[in-house]
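Below you'll find the structures, each written out as structure tokens.
Each of the next two complexes has subunit A plus one other chain: subunit B in the first, subunit C in the second.
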Partner chain A sequence: MASPAATPEPSATRELFVGMFTEEHQILSVAKDATDSGLPVEDCFTPYPVHGLDDALGWKRSWIPYASFAYGCFGLFLAISLQTHTQFIDFVPFWKGWPIIIGGKPFLPWPAFIPVFFELTVFCTAHITVLTYLIYRKKFPGAKAKVHIDGVTDDRFAIALDPTADNFDEDEARALFARHGVTEVLTVEGRA
Partner chain B sequence: MGAHHVEIPAEKAWEMPKSWMTTAMVLIAVGLAGTVYGFMDASWRGWSNVLIAGVYFTGVALGAAFQFAVYSFVNGGWWIGVKRIMESFTTFLPVGMVVMLLIGVLGMHDLYEWSVPEIMENDALLQRKSAMLNTTGWLVRVVVYFSIWMTTTFLMRKFSRAQDETGDAKYTLFNVRVGAIHTVFFALTVTFASLDWLSSLEPHWFSTIFGVYQFIGMFVCAASMLVLFVLSMQKAGYLSWITEDHYHDLGKMMFAFGTFWAYIWVSQYMLIWYSNIPEETGYYIVRNHDGWLAIFFLNLACNWVLPFLILMPRGNKRNPKILALVAGMLLFGHWLDLYLQIMPATSHFAAHHHGASVHGPFFGLQELGPILLLGGVFILAMGKMLGSAPLLARKDPYVGEALTHHQ
Partner chain C sequence: MAAVSKLREPLVTGGNPKLAAITDAIVAPMENKPSKLWWLAFIPAVTLFVTGFTTIGYQISEGIGTWGLNKTVGWGWDITNFVWWVGIGHAGTAISAILFLFRQKWRTAINRSAEAMTILAVICAAIYPFIHMGRPWFGWWWFAPLPNMRGPLWVNFRSPLLWDFFAISTYFSVSCVFWYFGLIPDIATFRDRTNKKLKKIIYGILSFGWNGSNRDWSHYEIVYGILAGLAAPLVLSVHTIVSMDFATSVIPGWHTTIFPPYFVAGALFSGFAMVLTLLVIARKTQKLEHIITIGHIDNMAKVVLATGMLVGLAYSTEFLIGWYSGSNYEGFIFFSSRMKGPYAWAYWTMISCNVISPQIFWIRKFRRNLTVVFIMSIFVNIGMWFERFVIIVTSLNRDYLPSSWSMYSPTWVEMMEFLGTLGFFFTAYLLFVRFLPTVSIAEVKAVAAWAQPDANHGHATDAPAAGSAGAAAGVLTPSPAAPKEEAHHG
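Here is the complex of A and B:
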């Protein structure tokens, strides 16, 4: 038996102990109870994002919003430097901008810069955040699904336990699933 | 969250807290004194402040009605816990109508230059606009706007309350329809109302985005007022079902639509600045000189920069103290926004035609008067209305979703 802390081989497949449910509130309460009673919950699979599931699983909040804020600041910085440089800086050798009089406005017309500030901030925040997520979760185009459970992209809610973990107790897990109205208990091959 | 049972919390019957009564009485007393003092000081100043206050609180009521309508027809669930408070905001509309009619009957010549016949006679540009800019039309339109708003909000309140009796889902569907109809009429009426009441203070000037700008100010005011009243009612021991997750959503409304306000502000300012057409730039030139510039920037800081930065972190949207701070800032900011739209226009009009000597911004008891007076009336009106129905619409089909709402 592998210890739960050990990182499995990237390509190794192993079994997951899966309970299937039909209602959103069932998956929320079973996730909470399984986590509270110390069962080795691997993940939950739902057809749509279920609010409160990460709290029920006791997961910490993602760091990605903070990264997004940094990307936004970067985008704003990019927009400021792009516009001030091209429109104003004419005195740095080898790094000259190209100041042009447009509509009789001054060379640093801040109201005219605002749309570009906005666009580049949003552009950088959105795109780099998505890229960060895809890289962090290893969801590149063409990546294979780690686990395939029938129905979780349709109308089923699944909770997966790690049966190889030390704290896994099949009887306890089955009893807990049954208490929350499980429709089916499966064993599914998955890549960790 | 679906069909499983959700426990509806026990609920205290609403009785207006003593602190509300005291606050309202103090506001009305100070407000009356300030209003009287304002009219004794100069009638244009008195009427300008009555106009600010009337538009401000009518805006809060309309912002709440609009949110009620939109949340209804998009089948929103999270807001059912605060639905009754939003309903009660709309009871201010009749008061707003009285205030606007008073202005129309007694105060026109102090505010609107087009209402003075001698000015109209000598101004070819204004004569071309006289089909819209005449006192009779103005008064008729006030009645039309308020009749539409009061009818639709009355229906929305009625259906919402009828559901408390039977729990029939058809009332939710009725409100989907009334909400959609209200929204269409609201878009038109709020545009024309803002042209009538505010934009025509400077009748030579025009801005095609002006109605949207007023509308979003109303929306933000209503969202901020909602936060303050929710927190105040919770302090008095009501609304036990409102949790951090609801705070989060209320905070998001202020955050998102405060930012939308800034977007519209820039859209108006930047295009006028860029095209640099004298008929349009006059509006901003006045507001960038004689000390108005400080208010011009304070307006931006209170209404967008500070709320945007403060409300960005998740924790701040879930913290009642910070929410109250930002709500207060936005409410002050939108008063300032109206002040900056109305006062430069009316004080210049007064200086040119009534011989008043005013340069730049001014602030005194005269400015506090009407806004505090109507604030007190607002608290009394909504406090009374809250008592006319249970605080929780417990038979709404979405009440389970609202009570178990989770971010």
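Here is the complex of A and C:
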């Protein structure tokens, strides 16, 4: 069952030791127990985002919001530069316009710039955040998943252990799965 | 876990549905051949779409003179239709984002199709300023400097029309991203169950390699939340800025500070009405009555009632200020021109459709009667179209100089173009219904499970998933051990 290679990285494929469940509460409790008992939990696979699963697995909250904040700042900076440059200041060399006189109104009426500040901030934050997610999770058109477990996009919940890890104990894992009402235990091949 | 009130009806009816049955029901229209009814709707829609867009071609080659506009009434059906479509495009993202932030779980059954509707409505809206330019191939000077001898002449960022360009393009692209981001797991669900080779390849490409991994879900939910947090103020900003196209002018009847909230309420009002128009039919033809339940229709009818009364409040505020401001011009527009002028019929159509008729939604029986809800939703669609017509045309047709007063009526070109956008809207919506899951499968599963009792799960050992052959569309298998009254905690 367990692959003899201690380091899975160089090989083209790797195995996962998978327990299949049919209920949300089963995956929550099995994930918690497996993590608590020190089994090498690689991942869980669920048809919908199961709330509390991250806590059960002891995973940290996503770092993406911090990046989003930076993208928002970038968007705001872009909007400020765009409007001040085009309306008055002309700080980009070789691309100078001239201050546009409209009814003798002030050249830099900042309240009039607020709508575009807001829109460009939202535009940049939303798009770059999603792009960050897609790149970080390697999701792009035509991407192939590393592992494919039948049924987890429909009505099955799966927990995957890493059988090559030192702390993996197959008997313990099987017993733990059985305690939580596992329907099937299988070994799934995936790309490393 | 949160407790669910016994008073509240379950979000997915029909007993205690298995997760696979939810998938089966939602993807059934994608797997089966389109029904006669679908073709019956699709063929006229495509016909309208093609004729309307041919008319746009004619209008662009001939010029804006093919429209009925004149010197006094410079905005007519074009901007009326623009604002009407943008308004309709508000419900989708409001449902997806604002109801998401308020944790209104009933949104899950309707958000996907409402978002699709949003995107299509915004496309229809965007056509109008574009063709209104007369020479739309110069449209890119909206954001690029106008070349001339003195150096680049940039657009005027003090103009609300420019703000609107930024607002609508941001809204459109963020709505598209939000919609597609939500679709990814559901496309993967379909990819994994279809037996057809070509579909497997296409949906495989579109599913971005989704495999249900919790490492993906963990960040996914956060990103979805960020998008919702951004989209919620964005929805409000869009119609606020559309209203400023009018409110920053000095035309009596437009120059009012009530406009931003008034327009936002009106947009939600018409948006929810259009969602009702589509879903009352779609839930029936797609056999999704247990997912888009009568409770969902009831909730939307309540939103229509509430926003309708906000719109009514805005109408009366305008009249109050028309009188209280002491401005003759303002008073004239409201008390003479709109109520009694040549377009009074349009004004009273608006009042009866938008303010008077939605009052029947105070009665629960009517909110749950599909015929009444459908007819009312059509009334609101009509009423909100007339609202924009009244605002635009009755303010313009009698301006400061009585010698320049003028009437406006649309030409066949304007009418055909409007029908063309309706044709595009329904064509694209019907294609969406055919090729993509119209209800968010993953999210409905989450709320269905949430509403279920932990016990009474009788399907532990049987049935692997993903048997697409012979999927009984819409037939859920209630678990006999769990009648719906027991759905009290999750």
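Everything below uses one rule, namely that the second predicted complex is superposed on the first by the 169 of 192 C-alpha atoms of A that agree within 3 Å, B and C clash if a C-alpha of one lies under 4 Å from a C-alpha of the other, contacts with A are read in each partner's own complex, and residues count from 1 in each chain.
Here is the rule we go by: contacts are C-beta pairs under 8 Å (C-beta built on N, C-alpha and C of every residue); 3 or more make two chains touch, one makes a residue touch a chain.
Owing to the predicted nature of the structure, the values given are computational and were not obtained by experimental measurement.
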item	value
When subunit B and subunit C are modelled together on subunit A, clash or fit	clash
First, second, both or neither for A:Glu23, with subunit B first and subunit C second	both
Touched partner set for A:Tyr133, first subunit B, second subunit C, both or neither	second
Contacts of A:Thr183 with subunit B and subunit C, given as first, second, both or neither	second
Touched partner set for A:Thr164, first subunit B, second subunit C, both or neither	neither
Partner chain in contact with A:Val147 - subunit B first, subunit C second, else both or neither	second
Which superposed partner A:Asp55 touches (first subunit B, second subunit C, both, neither)	first
Which of subunit B and subunit C A:Gly104 touches, first, second, both or neither	first
Touching partner for A:Ala112 - first (subunit B), second (subunit C), both, neither	both
Touch count on subunit A, higher of subunit B and subunit C	C
On subunit A, the residue positions that both subunit B and subunit C contact, one per complex	23-25, 51, 61, 65, 105, 112, 115
Subunit B residues touching subunit A - in the complex, by the definition given at the top	1-2, 4, 266, 269-270, 273-274, 276, 312, 314, 404-407
Of subunit A, residues touching subunit C in the complex	22-25, 43-51, 53-54, 57, 59, 61-62, 64-65, 68, 83, 86-87, 95-98, 100, 102, 105, 109, 112-113, 115-116, 118-120, 122-123, 125-127, 129-130, 133-134, 136-156, 158, 181, 183
Residues of subunit A defined as touching subunit B within the complex	23-25, 51-52, 55, 61, 65, 69, 103-105, 111-112, 114-115
Parts of subunit C lying in touch with subunit A, wherever the complex brings them together	18-20, 23, 145, 150-158, 160, 162-163, 166-167, 169-170, 173-174, 177-178, 181, 184-185, 188-189, 191-193, 204-206, 208-223, 226-227, 230-231, 233-234, 237, 241, 244, 441-443, 445-446, 449, 454, 457, 459-461, 464-466
